[in-house]
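Going by the order they are written in, the chains are A, B, C, D, E, F, G and H; count residues from 1 in each one.
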Amino acid sequence: MSKVAVIMGSTSDMPVMQEAIEVLKGFDIEVEVDIVSAHRTPEKLFEFSKSAHTRGIKVIIAGAGGAAHLPGMVASLSPLPVIGVPVKSSNSIDGWDSVLSILQMPGGVPVATVALNGAKNAGILAAQILGSSDKCMLDKILVYKEGLKQKVIEGAKTIK
Amino acid sequence: MSKVAVIMGSTSDMPVMQEAIEVLKGFDIEVEVDIVSAHRTPEKLFEFSKSAHTRGIKVIIAGAGGAAHLPGMVASLSPLPVIGVPVKSSNSIDGWDSVLSILQMPGGVPVATVALNGAKNAGILAAQILGSSDKCMLDKILVYKEGLKQKVIEGAKTIK
Amino acid sequence: MSKVAVIMGSTSDMPVMQEAIEVLKGFDIEVEVDIVSAHRTPEKLFEFSKSAHTRGIKVIIAGAGGAAHLPGMVASLSPLPVIGVPVKSSNSIDGWDSVLSILQMPGGVPVATVALNGAKNAGILAAQILGSSDKCMLDKILVYKEGLKQKVIEGAKTIK
Amino acid sequence: MSKVAVIMGSTSDMPVMQEAIEVLKGFDIEVEVDIVSAHRTPEKLFEFSKSAHTRGIKVIIAGAGGAAHLPGMVASLSPLPVIGVPVKSSNSIDGWDSVLSILQMPGGVPVATVALNGAKNAGILAAQILGSSDKCMLDKILVYKEGLKQKVIEGAKTIK
Amino acid sequence: MSKVAVIMGSTSDMPVMQEAIEVLKGFDIEVEVDIVSAHRTPEKLFEFSKSAHTRGIKVIIAGAGGAAHLPGMVASLSPLPVIGVPVKSSNSIDGWDSVLSILQMPGGVPVATVALNGAKNAGILAAQILGSSDKCMLDKILVYKEGLKQKVIEGAKTIK
Amino acid sequence: MSKVAVIMGSTSDMPVMQEAIEVLKGFDIEVEVDIVSAHRTPEKLFEFSKSAHTRGIKVIIAGAGGAAHLPGMVASLSPLPVIGVPVKSSNSIDGWDSVLSILQMPGGVPVATVALNGAKNAGILAAQILGSSDKCMLDKILVYKEGLKQKVIEGAKTIK
Amino acid sequence: MSKVAVIMGSTSDMPVMQEAIEVLKGFDIEVEVDIVSAHRTPEKLFEFSKSAHTRGIKVIIAGAGGAAHLPGMVASLSPLPVIGVPVKSSNSIDGWDSVLSILQMPGGVPVATVALNGAKNAGILAAQILGSSDKCMLDKILVYKEGLKQKVIEGAKTIK
Amino acid sequence: MSKVAVIMGSTSDMPVMQEAIEVLKGFDIEVEVDIVSAHRTPEKLFEFSKSAHTRGIKVIIAGAGGAAHLPGMVASLSPLPVIGVPVKSSNSIDGWDSVLSILQMPGGVPVATVALNGAKNAGILAAQILGSSDKCMLDKILVYKEGLKQKVIEGAKTIK
């Protein structure tokens, strides 16, 4: 049974979105990956978004660049929490276009936006959402955060 | 008679979009007006966009604010030229969000973007598009442009 | 019964954050409201964030303006999903400061950022997060989305 | 007989504008290409713009960078629809200058602006404008859009 | 006697541009004022710009808002120094559009740009340009600068 | 006895922050260097900030990138002057995020912000703060400034 | 007794800069207030800056708007720590001009920049700089920070 | 023979400023080149600016990057027209800092600002300022502009 879906507008978003997939696998979360383009495959967007919550998916991570409509349109069609990853694509205006296209959703249809190219954080946020109702996952998050801390402490030692 | 559709994401966009309707009526172009929200009525968006060219509509003008996905999603679904009007809505970040969400479309799916709150120009552009294949409309555009010139010349007189 | 905490950096954020509280109450979600300032009450920030998940809180909504450190610091200290609301405060540089301070979190510590002043969407997103593991809440979301649609359809009628 | 004119301010814009030419040729549209600089050949700008609609041209695509005045000045002088392509030139301030110089036209004189370096979309938009009154071209657009979809679907397969 | 021309794209720019006229009159410089719209009266733009240096005009001040092409187009057509005043018009994106449209001229065709709504400084700069070859005007500038200093010194007294 | 602490959010900030350390050593100021991450080691942040002024530290320099909360949180917890260095990190939006996250502190809790990647100036500023009550250090600053001047004068000679 | 100088470019900056003066007086710090314009009284700027450290002044707070050169020029001429307050003046481009003119100082000449209109924080920072070598002042800062905390805690009570 | 001074804040600005020198020499204008740093050699700035108009200099071109105070401070001290060249230096925030620091001068003290890195245009503008009172120079400008036109016409031929 799938838990978190990771979709993106184009195969060219894969290098960025890969980080979300890896983080999710590190938390032993089942991942479903697909290319869904809001602008080129609108019917697939509809089918995917309308059915996701009926197929056992709990959280949707959607990454897109430029005038990034994918996360917002999925959020329009699905009752699930949607995490949007602004991807800095080639002709982007420094990433501002994807950030604002995903973040500035109108009242009624939220997208949980993470940092530019922040796919890793999208994965962690998805785990936290699952952990919100799953004690075991919450514990994994606590362990993960402890690991972050240890890495900084190791780094601090090398500097002295 | 050619038809131009003027749609917008919310009734709150009407004060801005009204200018497009008035310009079009000034050119004796039949106008169809509707509220179509990409985020709140995605099914209506689909039906409208898929059928527009089969109902005699020649050009679609779509206005929206914030993370403005309406023009781009209509352009995704319709083969007609889509003119996007970025609307400066209340919680907009100075209009940058709607401008970039409409302008920065990916390769393959253009939106003809006009200035922030530039609904009047959207109407004129729609008339120009019709005029591109309609000698009578082209003449109206020439007359319209002559009118712009005369108004400036009148203004110049008042200043001296 | 699940609890969502709504905290903010200052009482001056209340007019914006009130919208989150109202949406949550509309979904019959128990809400805990508090003022927690990252910069003026850092000890309270620590206590609140460290203990939230042990007190039955499932999601934290944190709103702040300017150099808005509250959502990110709560996310640093709590394993729960944290939703950040950038508030456009008086001396803000058009809201860019709070948006970027909340959104651009480093890898490892996500904040689910919503639009500038988007407290309403923060409330809905919290409900969606609860709904991700709670069929009854998910149904409420579906009903809520249906309501959004009906309101647009009503609006469309008034225009014709 | 020419159908679409593709002009640009400098030969250095050619690598970007080439994409418009290729798309138009792919639609079997006759293309007229020229260098017309608003700032260095203003007389040529006048002659070109004043006569374009009398020489069988239906749509003008104009690309320029920096303080990009070419598209707007052509729109000032010609009754035809003008598509503006903001080109990210070498000393541009991240492309913002060309985007705003082309997009923010005053009421009365629209330019149909596409994305930064979006010459490909300018070509497609020109085809859509022709298709608006030409059933055969409209069908080609529908086929083109189907092709976009198939490419995404192929891409999606490689990922699984 | 030297003449400075003060032109603007629209009568609505007059409240801003008035400051340039007043400063010039304060320096006893003959001023010619006109409305010349790059987009609505391109022929007048041509005639004005081509003939200005033959009619005793020494400096041209041009003010415009939005996609402000007037200063750059005058600079394209006239050999005289052109001072551009970015005007913050009603639908401007915070003035960035007029600033960048005037400032970012391509190599070969400069516009001497002053601050947003900086018509007063445009007038002073024109006087300085005349003063560069006119000892009497240079002395007036020195007196003017002494006056600026005295006003600050007076202001400083009121504060203590 | 330590005088100035130089801390940063990550070892990846070291190449930038190294310049502060070098400048301080050039002024014979004792430097304490550490990695303290606001988001990954919040407890260390607390301990460091609460105790710094009790351990002989006079000024704290804190560098961080992205949503840079370190300088502001240290300023929240310590009574000492805190100098913030916005670091342009890899996924930064052109450095705007770190600049605004550090600069736009709310009333009550200042951070003395220097330029993007301006660690060198942070070091000089720390020396100036010490010099404000230490005649010997003030003299060193005067010598340092004289050195800056000489270097420019040398450079000017090479150009002639 | 230590002295802090509060200077500003124009009497129109007084409403903003007043907050710095009040905070300093609240800390019983002697304040010297003056109008010094970098652009209109450059000689006064020189005299003030060159002599400040010889007259018992320990910290200089300088506020200015637009192309704000005052703080940087004072920092160029004085060995004392200079705190810059970007003031959002009337024709400012949203404050960006004063922020960047003050913040982005070149290597060698730092300005301790605070938030837009952040004069209050400039005052506190000056007190902290004095406190860095003055145990009594440091204690006042600790008390001040405790007061900030209490006010938030009071505010929190009113909300519950 | 008229002289134009070309000064810059640092030898590192030379590659950009060289273009101004070359253009001026192409117009047979005598050029004086120097390094004058507003922040590191303020006394030299004073001497240079105060005396320039007494040494036969007619126009001053000043280039600087970051918080670029050189052009504005020269304009503060000299009655001559000052042309400011914003230089995109290494730690610049995309050039915005130098552009705004030079452009947004307060009322009373103009700087004739050209495009980012637009030293070539600064040279042409200086020639135009001289040409404003020198028929021979004006003719050279007319010839120069004709040359620009011919180059575009040649370029247009290569494309066909």
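Operating definition for what follows: contacts are C-beta pairs under 8 Å (C-beta built on N, C-alpha and C of every residue); 3 or more make two chains touch, one makes a residue touch a chain.
The structure displayed is predicted, hence computed values, not measured ones.
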Mutual neighbours - chains that touch chain D and chain H alike: E
Touch-network distance, chain B to chain E, counted in steps: 1
Centre-to-centre distance between chain D and chain A (centres being mean Cα positions), rounded to whole Å: 35
Between chain F and chain B, distance of the C-alpha-averaged centres to the nearest whole Å: 51
Separation of chain G from chain H, taking each centre as the mean of its C-alpha atoms, in whole Å: 33
Computed distance of Cα centres, chain G from chain F, in Å: 18
Two or more partner chains touched - positions in chain C: 10, 39-40, 66-67, 91, 93-94, 96, 99, 103-106, 108-109, 111, 115-116, 118, 145, 148
Interchain pairs in contact, sorted by label: A-B, A-C, A-D, A-F, B-C, B-D, B-E, C-F, C-G, D-E, D-H, E-G, E-H, F-G, F-H, G-H
In the complex, chain F residues that touch chain H: 88, 94-96, 99, 115-118, 145, 148-149, 151-153, 155-156, 158-160
Residues of chain D defined as touching chain H within the complex: 10-11, 14, 33-37, 40-41, 43-44, 66-67, 91, 93-94
Touching residues (chain side chain F, partner chain C) in the complex: 9-10, 38-40, 42, 46, 65-67, 69, 72-73, 75-77, 89, 91-93, 96-97, 100-106, 108-109, 111
Complex contact set, residues of chain F against chain G: 53, 58-59, 79-81, 83, 99, 103-116, 118, 120-122, 124-125, 128-134, 138, 141-142, 145, 148
